[in-house]
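Here you go, one structure.
Note that the chains take the letters A, B, C and D in the order they are written out, and that residue 1 is the start of every chain.
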Amino acid sequence: MALTKEQIAQRIAQELQDGFYVNLGIGIPTLVANYIPEGISVVLQSENGLLGMGPFPYEGEEDADLINAGKQTITTLPGSVFFDSATSFGMIRAGKVDLTVLGAMEVADNGDIANWKIPGKMVKGMGGAMDLVAAAKNIIVAMQHTNRAGESKLLPQCTLPLTGVNCITKVVTDLGVFEINDDGFRCVEYAPGVTIEEIKAKTAGRLVIADDVKEVAI
Amino acid sequence: MALTKEQIAQRIAQELQDGFYVNLGIGIPTLVANYIPEGISVVLQSENGLLGMGPFPYEGEEDADLINAGKQTITTLPGSVFFDSATSFGMIRAGKVDLTVLGAMEVADNGDIANWKIPGKMVKGMGGAMDLVAAAKNIIVAMQHTNRAGESKLLPQCTLPLTGVNCITKVVTDLGVFEINDDGFRCVEYAPGVTIEEIKAKTAGRLVIADDVKEVAI
Amino acid sequence: MNKVVANAEEAVKDIESGMTLMLGGFGLCGIPENCIAAIVKKGVNKLTCISNNAGVDDFGIGLMLQQKQVKKMISSYVGENAEFERQLLSGELEVELIPQGTLATRAMATGYGMPAVWLLAGVGTEVAEGKEVRNFNGKEYLLEEAFDSDFAIVKAWKGDRMGNLIYKDTARNFNPMMAMAGKITIAEVEELVEPGELDPNFIHTPGIYVHRIFQGANYEKRIEQRTVRQRN
Amino acid sequence: MNKVVANAEEAVKDIESGMTLMLGGFGLCGIPENCIAAIVKKGVNKLTCISNNAGVDDFGIGLMLQQKQVKKMISSYVGENAEFERQLLSGELEVELIPQGTLATRAMATGYGMPAVWLLAGVGTEVAEGKEVRNFNGKEYLLEEAFDSDFAIVKAWKGDRMGNLIYKDTARNFNPMMAMAGKITIAEVEELVEPGELDPNFIHTPGIYVHRIFQGANYEKRIEQRTVRQRN
């Protein structure tokens, strides 16, 4: 059985280490915050200018001046700090953020990512995605393995306009966990009930199955 | 009678306009602060990170954390603001400081200035002088007209290593006031009792006497 | 020194058609509501706006778009705005999309007197087209130019007569960089105080960058995504 | 998350001979007194120090110079230090003098992930020798590289366990840029507080830049130029 969005987030949460500064994109990545392991303390960065993002406010306590990069009302935590957007992207660019989790439309087997523009459709803009993928040391993509037409989103090369090149280190999809290295996608974990054959069939990019491939443990 | 240091400062203070942000260098420039005209409000910038420098503290109220760029203990004023050194030189570089007053060893008739290094002597460093002269829109040099050997400090070209090129707009010396333009030093005012002949004799760079040259009024 | 003007109308009185404006704010958070209203009222057009977002249909820069006052938007994200989309598709509106950090840093460059900066974002993408690329220490960077504008318009929480500003929470966002970058910078504040009331150690924008300041009125501070949790 | 170390000795324990250190402070104002003492005690040498000044004979970085621990100083002003002069003239010490704003901005570039910056200072002077010059909009700028170092050592007024820092008055000076630029950043503070005690709107250095923090002891805070006025 393929992983749910929540399970994808849960699996990614296992990558967190104590003391990590983490930037979570919109969508599945946001859910990662719900699964931070016991005993692990991480600080969430919101690129509009906050370190130490807390949970949503209680009803009636929303503050228009306190939002995250998805424009959602949020709260702070003890030790939180606000800063301007130049500082925010400066710390991203300088590699101070330990882990970035993003959604994507396509990922190529060389680590390229496309997630901001579909030719022929109204383009809303890249927001901070290009800055994040260009600068972060450690970027995990959280996405469905295939698009709505059932076509692989793990490709030999992206067909959509790129957001960044050679930047993605790991992909977690509903079908499994894939590291990206010189040989392409390396499947290190498969979702419970998902077969290697299904993964092979649904992965268009170069794929290597790890010798010690195992079931995702959540 | 040539101008005293205090009178040089007094004359430069006449250049101040209401609302000016001003950076005063060490030496005679510092004295300008004592002669800010009645009704004129200026803000003094200290490049180590302060806008709104106040007078020296009363004895016993010195604070080691509150100094100016000359490392002297100072005070703040209502509306003062502290910032870091990158911001400080950023505002200088972006042309936000309206007037800079500096001392110099030599000024050339094209606006070059030398004030940081004498070959063969221990070099202490340029501090912020090169940043200030490179970026300020409006730079007045306050200095003696001649050096201890009686040689002109207003030269056809500097003999000492340069601090900045084509940057000085005006020089006020003990002998008079000199604008710098394409024709070199233009003497617009002479000190009381100083003759044009003396100024000519003591100015090595190109010199033009303004048609409406007049006595310095203090 | 007194930079106070009476209101938004006076603050924007010499903004003319065809000018380039830099505006603070992220989404609808920390936007200069009063000045935007005054610009709408004034009716100038053919404006170029440098702002991370373009508001929503009926708020923020969206209000200027409704009146067809904007010729070009320079932004990182322009979703949530149907009128924007209509004007863009019909060719009435130009848009230049640039990465958010690049937008912030190009504005910062202006404020720091730097003509251009070397940035990572967009290398290998269409953002890099036509730009100089240079390798430093094994990584490629794009040369991105500082912004040039006629006015910067920002919104702060508190400010004093000398133009010193502080911002609240994430309403800070782009405001400090825009304030620093303005040839003429207009600040609207929720609370205008006397010099000395703001702690000199905790001022976000030194007054030297601010030319006009006024206390705004009737802030709506609209929330785009109201997300809450339930009490147990 | 707890970045607190016991004291200066523990904070500097892995600083080794031959390393490059960036130090905050302007003159003797805002210098990391405790860490300097610990480095002197530790006795490492052949250090390269990036710091606006080099202290005085018997205080600040001057204490490291006395022990001949410094191979090279990268500074904007190194006066007021006879031992410095002696080592320089004898060839024991190298010095690289760079304009103060260039020093601050090269450190800032590191903290902002920019490999180099275009700056005005020094064009046409010996500072420009060997550097790329480029004309932007009619003005010439020098290409100045970001700094690379092993440790940054700063002094703040207050800090919390997560490394958030605030500075007092002009003791801020170079500290924020050095803090941002460090591969490993050590902060010593006069007062160590719990997370939440510092107002999140008024933190000068976000904790993400700081790796180790401790409450310093016995601050001397020496004044270089004691200037006062008389009461009437």
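What we mean here is this: a residue touches a chain if its C-beta (ideal position, glycine included) is under 8 Å from a C-beta of that chain, and two chains touch if they have at least 3 such contacts.
Treat the numbers as computed from the prediction; the structure is a model and nothing was measured.
Path length between subunit A and subunit B in the touching-chain graph (shortest route): 2.
Ranked by distance of CA centroids from subunit C, the top chain is B.
In terms of C-beta pairs in contact, the better-connected of the chain pairs B-D and A-D is B-D. One inter-chain figure worth recording: subunit A and subunit C are separated by 28 Å, centre to centre, where each centre is the mean of the chain's CA atoms. Subunit B and subunit C have centres, each the mean of its CA atoms, that are 36 Å apart. Shown for subunit C are the residues in touch with two or more other chains, namely 105, 112-114, 119-120, 167-169, 172, 200-201.
Each of the following residues of subunit B touches two or more other chains: 76, 82-83, 86, 90, 92-93, 135. Pairwise, the chains that make contact are A-C, A-D, B-C, B-D, C-D. Against subunit A, in their complex, subunit C makes its touches with residues 26-30, 52, 75-79, 85, 88-89, 97, 99-105, 107-108, 119-127, 157, 167-177, 204, 221-231. Residue ranges on subunit C touching subunit D, taken from their complex, read 105, 112-120, 136-137, 139, 141, 166-169, 172, 199-202.
By the touch criterion stated above, subunit A contacts subunit D in their complex at residues 18-19, 21, 41, 43, 45, 51-52, 76-83, 86-87, 90-97, 135.
Of all residues in subunit C, only 1, 110-114, 160-162, 164, 180, 194-196, 198, 200-201, 203, 206-209 touch subunit B in the complex they form. Those residues of subunit B that touch subunit D in the complex are listed here as 46-50, 55-68, 70-74, 76, 82-86, 88-90, 92-93, 112, 122-131, 134-135, 161-166.
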